[in-house]
Structures are given as structure tokens and as C-alpha cells.
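For reference, the structure is listed below as C-alpha cells.
Note that the chains take the letters A, B, C, D and E in the order they are written out, and that residue 1 is the start of every chain.
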Amino acid sequence: MQGPLIDTLARRGVTRRTFFKYCATLASLMALPPSAGRAMAEAMAAAPAASRRPSVIWLPFQECTGCTESITRSHSPSIEGLIFDAISLDYQETLMAAAGHQAEEALHHAMKENEGKYLLIVDGSIPLGLDGAYSCIAGKTNLEALKEAAKGAAAIVAMGSCAAFGGIPKANPNPTGAVSVSDIIKDKPIINIPGCPPIPVVMTGVLAHYLTFGTVPELDKLGRPKAFYGETIHDRCYRRPFYDQGKFAKTFDDEGARKGWCLFELGCKGPVTYNACATVKWNAGTSWPVESGHGCLGCSEPDFWDGGGFYRALSRPADPLKMAATAAAVGAAAGVAITFANRAKKSSAKAAHETVTLADLEK
Amino acid sequence: MNEMQFLTWVRGPGLDIAIGIFLLGVLWRLIEIYSLGRKVDVAPGRHRDGASGLHTVFRRSVPPPGMIKRSPVTYIGGYVFHIGLAIIVFLFEPHIILIRDLTGLSWPGLPSQVIDLVSVITLGAMLVVLADRIKNPVKRYLSTFADWFTWTLTFLPVLTGWMAVQHLLLPYTTMLALHILSVELLLIVLPFTKLFHAFTVFGSRWYLGKINGHRGVPV
Amino acid sequence: MSASLQKGINALKEVIDAPVASYFNSCVHCGLCAEACLFHLETGDPKYTPIHKLEPLRRVYEQEYTLLGRLKKMVGLSKAVTDDELEEWKELVYDSCTMCGRCSMVCPVGNDIVYMVRKLREGMAVSGHAPDGIKGATKRTVEIGGPMGLKWPAVANVIKKAEAATGETINVDKPGVDYLVLLSSMEIVNYPEYLEALVKIFKKAGITFTLASDAFEATNAGMQIGASDIAKVIVSRIINSAEKLGVKYVLSPECGHAYMAIRWEGPNLIGRPYKFEVRHVLEVLEELRQKGVLKMKDKFKEPLILHDPCQIVRRGGVLEAPEPLVQTVAENYIPIVDKQKWNWCCGGGGGASAIHTEEAEALRAKAFRIKKRQIEENGVNTMVTFCANCRIVIEEGFDHYEMNTQLLGLTELLAEHLED
Amino acid sequence: MSLEDIRVVVDAGESSPYQADALSGNAPVLLRELAEHVRQLMAAGEPTAIDLNALPLTPADLDWLKATLGEGEISVTLHSDGESTLAETACPGVWWVTHHNESGHVVSRFIEVAFVPELVKAHPEDVKTGLEYLESLIFDLS
Amino acid sequence: MNAPQRIVVDPVTRIEGHLRIEAETDASGKITRASSAGTMVRGIEIILRGRDPRDAWAFAQRICGVCTLVHGMASIRSVEDALHRAIPSYSIPRNAEIIRNLMIGAQYVHDHVMHFYHLHALDWVDVVSALKADPKATSSLAQSISNYSKSSPGYFADVQKKVKTFVEQGQLGIFANAYWGHPAYKLPPEANLMAVAHYLEALAWQRDVVKLHAIFGGKNPHPNFVVGGTPSAISVHSSSGAAKARGGQDGTAVNMVGLQTVQTVIKQMKDFVDQVYIPDLLAIASFYKDWGAIGSSGGNYLSFGDMPEKDIWTPDSFLIPRGVILDGDISKVHPINMDDDNEIQEFVSHAWYKYKDGDDKGLHPWKGETEFNYTGPKPPYEQLDVDQKYSWLKSPRWKGKPMEVGPLARALIMYATGNKQMKELVDYTLKTLDVPVAALFSTLGRTAARGLESKVIADAMQGMFDSLIANIKAGDVKTFNEQYWDPASWPKSMKGVGLMEAPRGGLSHWMVIEDGRIDNYQAIVPSTWNAGPRDTAGNSGPYEASLQHNHVLHDPKQPLEILRTIHSYDPCLACAVHVTDPEGEELIQVKVK
């Protein structure tokens, strides 16, 4: 393990063992084979240490600040570690000191200074309804702000399900006409990091990857990094064996719930949700939704808000009863109508009957 | 439409439509068939134990003497795949939840490993039955497009369900959606094809038992 | 002559009912009925699969009584039934179906196939696609009195012989007696011993009976050909006569379809129950045996097997009577594997024995191999039965295969060994 | 306050939720896999590792596995970015490796098959730094 | 001197969401009229219509990711309230109430500390000035006000070095372009350095605090809830030898290990508040006593109350009481009647909405209606017409009066109703800072109240945790009421209100349920009370009123004074934006010139 980065780290007191351990754990989190840990360590160690921290601009649109809050929960790397050592966070409304005019100025300065090089992070969806007036910053619509900032960006990270897929503003009936970043920007590499919010370590992990290698990680067809979104929650869930045994919690505090049985019947969306919660867990590995007894909401999947109810088991249909009653009525009516037609037909056949005589046996 | 939207559609509107057509079809067809009626037999009947419609409904589930030997594949294959289907449909936990949510009725299920095994056996039995339909001269002679079609529509739900659980070929979401879609197709065609025997078999056996029972012959 | 396709279709439309609809919807094309049909088993030809024989009826049902069928017919997916097709089906519906009903016994979904064949024949008959042999028999029954063209004098002759042999007087057209005894033409011609046996037994039991000069013939070719109106005319002769004479019972002879016609179809043809009761001769004999009236002076020694005629046993419900009667008279009765309601047809029932085309006779000969095997497998030289039609067909079979086997009628056998 | 003294009985029954009924049956298979890896180590000197987090194992499975493999002679503790333990099992060459983070949570778990786990070896670059340090100590003495 | 002018601050940063302030000043630079505008809308209440009420919490929770817990909680309570109104026997298990209180408590302390250090401090602390500090002097300063362990000269030297390297690299990042050097910054360099050090400490500390949410709710931000209790079953199986062998890790996160973590977190919170937050607050406040006379919202305060000892339907058992204070008169606390149509109302005469019966009437939230009616300028725009409609926020009023909600309101009502600890704390603070009681009604008072409240809550949490453990020990592990879980078992029509005190103030979610589906959903959130525009009668909202109270801008181009007062409210704008009606068709036709 040699290279500029490892030297830099060594100067900061990070031993090669620590670095190796970090890589092994990262590989495990990313569901890569153990051998990948070593390969990763070597590749990362050899990466050049940048003289200037890359510029990162974070634009908030129709959001709830949950994504920003989430990234502050990241342990390794931590947000302050990123800000002081790895990136230059030049615009981030929730954290930045400047406001109003000065904030705007900082944004424009950073965009100009780092044109073509900065990483643009977007959280929140973009409303297209009402010519964009549903969300404005500094009198400017989100659409306009996004297009302007995207122009000079090297790549865009759509942080959270709103930016990646439209999220909650896009939920039925989408009152503001919200869309995702990739619905608008077509000419830049976009990394989607969905989740409501995304897992902190996934956010910083993907940033670390991009900043270390300068490349977009391998993405799935929804634009999500495969390393973290390659497998379903269900595949990696510690409760999976209970699913296999057919042991299910029936309410939130029954015997099964206490024993950690599968939450499928309580509406868990783990089987259809690609995310890393089951392996990475939340808040420094403290717990994660399924471990804390609530089924997965499926928040890293497009349109999970309209998936039919969070407590509805995946195998359960939406609302068939009305339809069924109508169909049954129509079916019965059709049946009765045919009955009358058939009766009439049979009667007329009987009426047409002439008593058969021997003569009727011959043509 | 992405895979989650696909799944959502098949679970929601898709299933609604399928169950709707199914119910509509079943009622329509049942009325269409049984409203044709039957003349009362005025010949004085002969009474003998075991000679009745009800007896026949059950008795016909057991093969007549010597017939298993004559047609082992039809009988054993048929039993295995019918019983297998019943186990999979009614004793797989996710299916029970579905039924509970639709009807409020529920019962304990079997471990998924057992269901898994049953699925494989069922699929095997269905393949054997298909091979027999191709090979056996009588069956081949009788078979029409509808026979191959309904076999496929019965086979697909089992296959896709099994593949979804096993995570084969396609992502679980897509496979689950395909599974539900295949079930919906099955529901839709059931009332209008020979699959409707699932309903009329009881009427047919009952008529047979009653007509023959009137003459004192338990059949 | 006035048979027509249109009349045929109309007849089918009249007879299709809920059981038919249920049966056609239940069929899964499993082919098991073929395993119960002796014509398929002995030829291996899948066209003899019973359910396939009903194809014209199925299409008429589908096209006339189902919405989807009507639509299919409209857009040309389902073709109308034609005269050519019915002509082709003649062989399947008459030559190769004896209405034995064994297929109905095995169908896993419970389809009563023979019930439907009976209905299909209604259409076949009035569209002019019935075989000439059966048409002739029908014509003779209606015009002359019996399928073989026999008239009363021939019966009177048999009566005379029987009186001579037994020394008893046989009543003719006598009102107020217990039984009106019917004969089948075949018994009159080929097995006159039957009447003698009956006289002996009834005398012993103290039963009074009569024959009727206007209603001696039990058979009903109208039913076999599938023309209910004609069957009604034929059966009405018996009913009128019996009710006129005021008998308590009408005795059906050893003839399969005769029993079916009088006992089960008759009331439905005239649309009401009779004022008398119809009993099969074996039912009466078994009752007498149980009362101890039937005492044997000796027993038949040779090993023998029993052939249960389809229309009397499987289709007619006379299930228990035959076996104890045989055991009473035979010392070496060997029960066969497929007996009683599972017995195999002789191959000539349902009117088939009346068809005398070369193909039909060749087919019957092939089908007979199943009876031949039963005899050979049990190593016997004697077979007993109680249906005149079966007897003729089986003897033809013996001749064809040059078998040295003896065929007996059960009533005669009993009479022969009866205590004096 | 300490929670050590909580003695709450929730289960009426004898069995704990993670005993026999919680075994998924996935653990015994791992033993075969391990045997194969050990053979490979002997034949080609090739070390391998199994990422236990990547397998559908219940806590009971892990307990079973750990108990079955037993304890060996050596255990190493690494203090770096949280504690890591590398303990040889009763099968020499098979190491049970657990990494904790700074707040003490388990972040990853491996079974390594190696003569010496990779992490234990000192890296030449670090040894070089160590040498420099030694030399500076000697220099200070003089 | 300055000419009269209009100053626009947009975006207001270090808040949640999108807020715009337009202020008009006279020649002296004094603000004469201020207008507060919410500029983003998502329509979550429209989205909620027709959905399963049990799902509503997840949607409502996404109103805000900062006060991530409160909307979920209020939403859950609105469903439970509806059930309780319809079926009086309906109740929530005791353990669930305690767990909820613990989660709310952790949210308060977490939120208040983060607000103070990360969102508010930079209005008072000059980061650049910290570079000039002497680490040794800083260490003495720190040790003089607290016994916090990290106070060595070396520690402060390290922090200073870190900041120095950072500044010298020339990439200031989030610290770029602020009002550094503005004369309104009055702290000495040492105090600035101490505050910067604690800015970083607090970032690390907060990551541990939220573990409490992770254990009970699975994650933070946006932990999970469930109608009728809490989602995580308690799995403490002392009978299980295997569980013990694994160190108490059992079926769910609420096991021995999890509960131990909760205990640790509670201790960490209390220590940080006692040793860092409160000392820093008092130290910094002592330099800004003049702000005790600036930024009063007018004297009306409202609190719905929270943290029930018994249950949410027994306000007498609340740790934080319910009531209203009018015109700064803390001798009288007025009761609130939720069901009275004339008490809580929302007005839209200056908001981009339309009422069916005219925009000048107030509507009770159960009867609330909302139809988008954007009449503002077509973006991009320079200025809003503040005489007309100018915000996506409605104007909530109590008996027609604007109300300030939040820590100050709660502290005053606790004080007024005789909470002993709060009384002591307030008196001690006034004495320490040597300011009159009137200084409470100000920007300074608001910021101080937040700190004092944190202490009260952090102290109370240990007791809550102890009673949870006592319950578990006694064998009570019930956390969920499964009766009436199925909406099919509900009465046909129900309505309920979910009340709670969010860290930012009184929060209420109003739900009307028909046939087990949401028929109407209205959320009146703290920032709507505080940041809402003028009402029909022309009464300013609290933000506006505060800015109109004694604000003289030193430099209109650097309106630091505006930020100080606005930030003292801890704005949460996504929360505040408020939408319901689904008649969306007309919206598309709105064309703005």
C-alpha cells in the first residue's frame, strides 16, 4: 500500500492497519466479496491526494431538510471531516453562515471559480406547475436555479428520493407538478442516492468514492450506486430466516414481534426495496427500521408513497371489494339474460317439434 | 413503467380487474349452465345406499378399481399436481394473508421450504402430464389449442411464483409482478375455458350420481 | 321422406339440458373414458374415445346455449354442424357405441357420457343418419309388431309348445292376474325354453300370469335408434294392454334394452308413472329364492362364469339378484374380475347388433375379444347370462372365433334344475 | 443505573427465541466451505475470508458457529478506529475476526482462513517508519 | 445616513426550508415594516387526502426533516384522538407513552443544541475573530464557566490550528461570505474560539443523541411510529441464556444493549447541556444584553402542552402545561378550547389561497379549506407586493390574535403556572445577566428560554427512563394497542386533533376521517403561527412584529440584525407551508404576468 493518499493519511496518524480495516468494513457494507476489501485499499491508497479540496454546491428545492440532517449523522467520514478535509462545501443553505444577497454571491462565485469541476448536490424535487412559482429561492424558480447550476457541474448527485425520483411532492395527485433531477437534466452524469432520507454512510460513502476516484460508481438502471443498492433489504435482513420458516409477527408487540420474527404481514416492503439498511444500519450501526420493529417503507424506490399502504402486506391487493360486488352483479345479470334467451330458444325448438314418424328417419 | 409501478399496478387495478372478470364470468357461466334445467324423472326410483348425487361428488375423487394401472400417468400426475396446487395456493403464508385480507378467513400455513419442495414437485408433475398429452395418442387426438393454452396458464403462476421466491432470472419485484399477472390471466380465462371444471365438476358429479342413483346404481 | 339436418339440430336443441351443459364444461380432455371403452381398447384407435363421439352435440350446445359459443360461431371460430359430419359420426354414435355406460363409470369429473349419447341419437335419427339395420328393426316393430317381423301366430305357437312340454295352460289376454309376461322376439325365435321355465317356476310359486296378444313384444327399437316419439308408440302398446288387463305387474324378460325401455324410459315417454309396477324376471326369481320357493333338485357341475348385461345391471340397477341365483344352481361358479356394474359389454348392445354392415360386424368381432379373454382367463367352457340380445351377440362371437363354449340363459338354467 | 439486574421474564415457555427454533440451518454448510478453504490454504498458501454479514445468519446461527469452531490458542486485539479482535478458533488457520467502530458497535465480521491474518502483519512501510523512530531514540541516547 | 429603502433577505439561510424577508426601513435604518414570506409549497395535505389514516404519519413527518419527529407524532395523535373521541375507552399503553416522551425529549435537546450552535451561533460568533484568540486564555475562560473536560489549552490550540489551515487554504466553504467583522459582533476572540470549538463538539455529540431515536424508531432522521403505540416490541428475555451470552442482544433493538445505549445517551445529553450549552449560552448572552430590549413579538404566547405523565387526554398531567398568555401578562393563563370555531382559526387575506366564502374570514381547521391562488409576481422577481397576498403561509390566530409559540411561550407558561425548576432557572438567568423581567420578551429571551427548557427536559428524561425500566421489571412489556388497528373496525365518521409541543412551538394536526380514509387534513405548525403574514385585520405575524420592534440596521447590505431575530425563532419553513384542497384543476390555468 503506497501512494500519495496513504502518505497523507499516515501524516495524519492513520495507520495502514486502520485503513485496511476501514476498507474491509466498507467492502462488507457494500456487499462486495472480502477480497475486494484489499483491492479497494490498494486502489484508494494509490489515488493522488488533491491539493485543493473539490468544490461542492448543495441546492435545496422541494425538500424537508431531512437529507441535510441525515448527512450530519454520518460517522465515518463525518460531515465535519468532509468539510475540513475532503470537500469545500461552498453552498449549503442550512449550514452556511452567509444569508440573502451574500449567500447568493457565494453561490455564484463558487460556480464561476470551479466551472466544469464542481459537484452539484440537489435535494428536493422540482415543481413545474404554475411556471415554477410553487418553490422560489431569491425570487428564482427551482427549475431555473437547477439548470443554471447544472451547466457548470462535473456531475450531479440527486440526494434523497425527492431529487432522485420526485419523492413525496410527486405523490398522488402531485399537486405542484414535482419532478426529479433526471427528468430535467439530461446531459450530465447523475448519481441517484434515494432514501427518505438516504443512509448517512451511503451519502458520504458515495461522495468519498467520487472524490477519491473522480468517477461515477457503477449504477443500476435507476441510477443508484450498485454497491449500496444492489440487493434488497429482504435479502440481507437478519429476520429473513424467519420468513423462510414462515414465522411472522402479527402485531407490533406480540410474541413474534418480541422474538424478532418477520414483518412481512405487517406490510414490510423489504422484498421489493433495494437499499443497504440491513447491512449498514442507521446511526452508527445502532439499529434500523426493521430491527426496531417497523416494516420497511420502501423509501429508496420510486413512487413508494403510492405503493398501496405501509401496513398492507405485499401480497395484498388494493381495494377489490367494490369491484367484486359490481362484477358479481354484472355477471349475474348477464347470466339471467342468457337464461331468458336460452329458455326462449328451447321453447321455440319444442314448438318446432313435429312428432317423429318412421318417415322422419329417412332423408 | 418501472418494476415497482408494474407491481403496484398488478397488485392494485390489475387484480381488481382480474377478480372482477373472474367473478363476473363465474356467475354468468354458472347461471348460463345450470339454468338450462332438467326434466324430473317420473319413473319410480329404486333406493339403495350410496346411490346419490352427494356420494358421487366425493366417490369420484377416488380412482375406480383397475384404472390406476391402466392410466398411471394421468392419475398420479393429476393427483400430484392438483394436490400440489391446492397446497401452494392455500397453505403458502403470503397467499393466506391475501385470502385473509380479501375474505377475513385465515389458517396456519406451511414452512416455505415445504412449499418450495411442493412447487418443484408440482411443476414436475405438470411437465409429466404435458409430456403425456403429447405422447399419449388419445390425449393428443383430443387436444385442441385450448388444452395447450390452459396448461400454460396454469403452469406459469407456479413457475413464476417459485422463481420469485428463489430469486431466479429476474429481480424479485419483477418476478412477483409477473407471478401476480400470470395469476390474473388464469383468473380471467378460468370461467371461459375448460378450467371452469373447477366449478362444474361438482355439478357434473352430482348429476351423474343422481341420474344413476335414481335407478339404484351407485356410481 | 322428411328427415333433415334442420330437424336434427332442432331435436338436439330440445334435449340439451343442464347436465349436458355441465358435462361439456367439465371435460378436461384427460382421455380416461377411452380406457373404459371396449371399442377403443380393442382397436387402439383414439377416434373411439367416448367423449369424442359427442363432438356434434358439444358444438350445438356451445353454439346455441352459450354466449361465447354464439360469438365464436358469428366470427367463424366455431363451424356449424353439417350433414356430412353427422354421416361421418354415424359410425361413432351407433356402430361403436353400445350405450354400455362404462365410460360414465370412470370419468373423473363425473360426466354421464351415455346419457349424452342417448340424446345425440335423437338428432341423428331425425336428420337421417341412423344405420339402416336399426331403421329396419324400428320399422318392423312399428309396422309388424316386433323387430324381427314376428306376429302373434309365432307366439301362439311357442305357447302351444310350452303348454305341451309343461302340461299347464298358459293364459292369454286374461285380466285380473298378477303378471303380464312380455317376451322378446329373440326369445320367441331362438330361446322358446324361456317360457317353459317361467311356467314351471310360477306354478311352483303360485303366481298367476297372462300374455297379451296385442302386447307380447318387449323390445323397443325406437329407443335404440333415438326417436322418442316412436319409442313412445311402441311402449304405449304394453302400457295400454297392461292397464286394460289390470295386472299388478309387468314382467320384463331377459332382454337388456327392453328392461331399460319399459322400466326407466317408459314413464318419461308418456309423461306419467304407470298404474302397475315393472319387474325384471331376475328380481322376481331372487325374491322367490329368498322365500325358499326355488329349490334345486341338483346342480350344474361344470365351472361357469356370468356375463352381466349392461342395460339390466349397470344401467338398470338389477345389481344383486343375478349372483345368488347363479350360485343356487351352479356348483362351480367363478366370479370374474370385472363383474356386476364393472362388466364389459358383449359388443352388440344399444342397437349395434342390428347393424349388419361389414365394417360394423368386423368391429363387433374385434370388440368381442374382451369377452373371449374373460372366458379363456377363467378357463371355463360355460358362460351364463340373462339377456337375449347378449346371447345372440356372444354366440356370433363364439362362431367367429370358433370357440367351443356353451352359453346358457339363467332362467332356463334354473328351470332345468328346479325341484319337481 | 445499571441494567445488569433486569430480570424480566417475558417468555412463559422454556425455550429462548434464539435457540433451536432460531437456527436457520445455514451455518453447518459453512463448515464444509471452511474445510475447502483450509485445504486451499495448505495446498496453495492462498488465504481466504468469509464475510459473515453477507450471509443470512441469525444471531443463533452465529452463536452456534462460534461455539462449534471453539477457541484456539491465540487472540489479537487491534486498537485502531475502534477495537478489532482476531481470535484463532480451535481449528488452527481459521480466525474469527470482529471489527467494532469507535462507539463499540460491531461493523463487520469475518472468518479468515490464513496462517496469519493480513491485518496482524506489520506493513514494511510502517516498519520503516518504526526503524526511523528507533534510530531517533538511539540518537537521543547519544 | 441611509435613505429609506426596502431590504430583501432571500434565502434566509440556516433554517429549514425557504423563507424570504422583505423589510422597509426609515432614514435612520430602523425597520418600519417587515413582511415574512414562505416561498415553497409541496401540497402534502392534498397528497394525504383519501389515504389510510394509519399511513398519514409518514407523509406528515416529511413535512420537516429537522424537527423530524414532531409531525409524525402529531399525526399519530390526531388518529388516536379521533378514536378516543369516538370510543372513550381507547388508550395507549403506558410504555408507549413513556417511549414517546423519551423520543420527544431527545428531539428537544438535540434540536435546541443544534439550533444554538449550528443555526444561530454564527449570528453572534465571529469565526474569523477566533483565529486571533489565545488558546491559553480560552482555556481559562472555559474552565471558569464550566467543568467540561475538553478545555485544555492544547485542545483549543488544535481547534484553532484546524480553522487556521482551513482559512489559509482560501476555501471557506460554508463559512464564506458571511458578515465577519460586522461591528454587531461583540464577543472577544477567546469566546469566539470557545464557541467554534463547541460548534464542532456539538456536531459529534448530536450524532450520539439520535441513537435514542434509532433504537425506538429504527432511524433518524424520520424515525418510525405506529398508531396505537410504538413499533418496536420490547425484547428483554432474561430467561434466555443465549441472549445473555450475546450480551443482551435480542429480537428487536429494544433489548438489554439498546436500553443501555438509551441510558448512556440520556447521560450524554444532560452532561452536554449542563457543561457546555448552558455555560456558553450565559457567557455569550452577557455580551449581548442589549438584545433584551429588541424583538418582542407583542406579548401573546400560546402552548398546547406536552409530555403527559398519564396520557395526552389528561392535560393536568403534562410536564409542559397548556394555555395562553395575553399582552405579556404572566399573572393569568387562559384556557384553550380546541372545538370552539371562534378560537383557533386560519386567515388567508395575505396568503396565496382562496376561501369559498371570501378571503377575509377565518376558518377553524376542521372546516379548513385551501385552494391555491397564486397572485404574486412571475418568477424571477425582485420584490413581492406585500400589500396584497405575499406568502404560501396562512395566518393562524387565536381569538383573532397573533400568537408567538415556541420555547419562550412554553417557558413563560411554565413560569406562570408555577413550575419550580423553570422559575428557579429563569430567576437565576435574569440575575446572572442582570436584566429586568421585561427582557424575557425579546430576541435574547427567546434564545435563552430555549437553553433553559433544554435543561428542564434533559433532567426529566432520567425519571421517564427509570419508570420505563420499572415497568419492564414488573413484567409489563405492552407497547401497542392492537384493538381498533383495523380501520374496518372504526366508526364511519370521526375527527381528531393531534396536539403537541414541537421544539419550535405548538403544533396541531387536524384530521377528518370518513369510512376509514382521510377526508380532510390540516396542519397548523409552529412556524405558521410565527412566520405567517398579516391577517385580515392587519395584525402582523410574530416574525414581522418582532422585526418591527426596535431593529436599527447598521448596514442595510449586511442585515445581521434581521437574521438574529428571525433565527431566534428557529424557523422551520417547509413545516409552515400549508395546503389542502384538491380542486387542483384551476391551478394550471393561473398565468402570472
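As a working rule, a contact is a pair of C-beta atoms (placed from the backbone, for glycine too) under 8 Å apart; a residue touches a chain by one contact, two chains touch by 3 or more.
Nothing here was measured: the structure is a model prediction, and the numbers come from that model.
**Student:** Check every other chain and keep only those touching both chain C and chain E; list them.
**Tutor:** The shared contacts of chain C and chain E, listed by label, come to A.
**Student:** Going by C-alpha centres, which chain is most central here?
**Tutor:** Chain nearest the overall C-alpha centroid, as shown: A.
**Student:** Considering A-E alongside A-C, which chain pair is linked by more C-beta pairs in contact?
**Tutor:** Most C-beta pairs in contact, of the two: A-E.
**Student:** Comparing centres built from CA atoms, which chain ends up most distant from chain E?
**Tutor:** C
**Student:** Name the chain whose C-alpha centroid is farthest from the C-alpha centroid of chain A.
**Tutor:** Chain centre farthest from chain A's centre: C.
**Student:** In whole angstrom, how far does the Cα centroid of chain B sit from the Cα centroid of chain D?
**Tutor:** About 53 Å, centre to centre.
**Student:** What whole-Å value do you get for the distance between chain D and chain E if each is reduced to the mean of its CA atoms?
**Tutor:** About 45 Å separates the centre of chain D from that of chain E.
**Student:** Can you give the whole-Å distance between the Cα centres of chain C and chain D?
**Tutor:** Centre separation, chain C to chain D: 87 Å.
**Student:** Rounded to the nearest whole Å, what is the centre-to-centre distance of chain B and chain C, using the mean of the C-alpha atoms as each centre?
**Tutor:** Inter-chain centre distance comes to 38 Å.
**Student:** Quick one: which residues in chain E touch 2 or more of the other chains?
**Tutor:** 208, 234-235, 237, 250-251, 477
**Student:** Name the residues of chain A that each touch 2 or more other chains.
**Tutor:** Residues 75, 235, 244-245, 258-260, 284, 286, 334, 338, 342, 346 of chain A touch two or more partner chains.
**Student:** Which chain B residues touch at least two other chains?
**Tutor:** Where chain B meets two or more other chains at a single residue, that happens at 28-29, 32, 35-36.
**Student:** Of all residues in chain C, which touch chain B in the complex?
**Tutor:** Residues of chain C touching chain B: 16-23, 25-32, 34-36, 40, 44, 46-47, 49, 51-52, 65-68, 104-112, 115, 263-268, 271-273, 277, 314-317, 319, 337-338, 341-342.
**Student:** Quick one: which bits of chain E touch chain A in the complex? Just the residue numbers, please.
**Tutor:** Chain E reaches chain A through residues 8-18, 20, 39-44, 46-47, 51-52, 54-55, 58-59, 62-66, 68, 118-119, 122, 127, 162, 166, 169, 171-179, 200, 203-204, 206-208, 210-211, 213-226, 228-235, 237, 250-254, 258, 261, 372, 374, 376, 378-382, 392, 477-480, 482, 485, 557-559, 563, 574, 579, 582, 584, 587-588, 590-592.
**Student:** In the complex of these two chains, what residues of chain A are touching chain E?
**Tutor:** 52-53, 55, 60-70, 72-75, 78-80, 83-84, 87-90, 92-106, 109-110, 127, 129-141, 144, 167-169, 171-176, 178, 196-197, 249, 251-254, 257-261, 277, 282-284, 286-294, 297, 305, 309-311
**Student:** Mind pulling up the chain A residues that touch chain D in the complex?
**Tutor:** 1-2, 6, 10, 15-18, 20-22, 24-25, 27-29, 31, 33-35, 38, 75-76, 235-238, 240-242, 244-245, 258-260, 279, 284-286
**Student:** Which residues of chain D touch chain A once you look at their complex with the stated criterion?
**Tutor:** Result: residues 10, 17-18, 22, 24, 26, 48-51, 53-54, 56-59, 61, 78, 80-81, 84, 99, 101-103, 105-110, 112, 118-119, 123, 125-126, 129 of chain D touch chain A.
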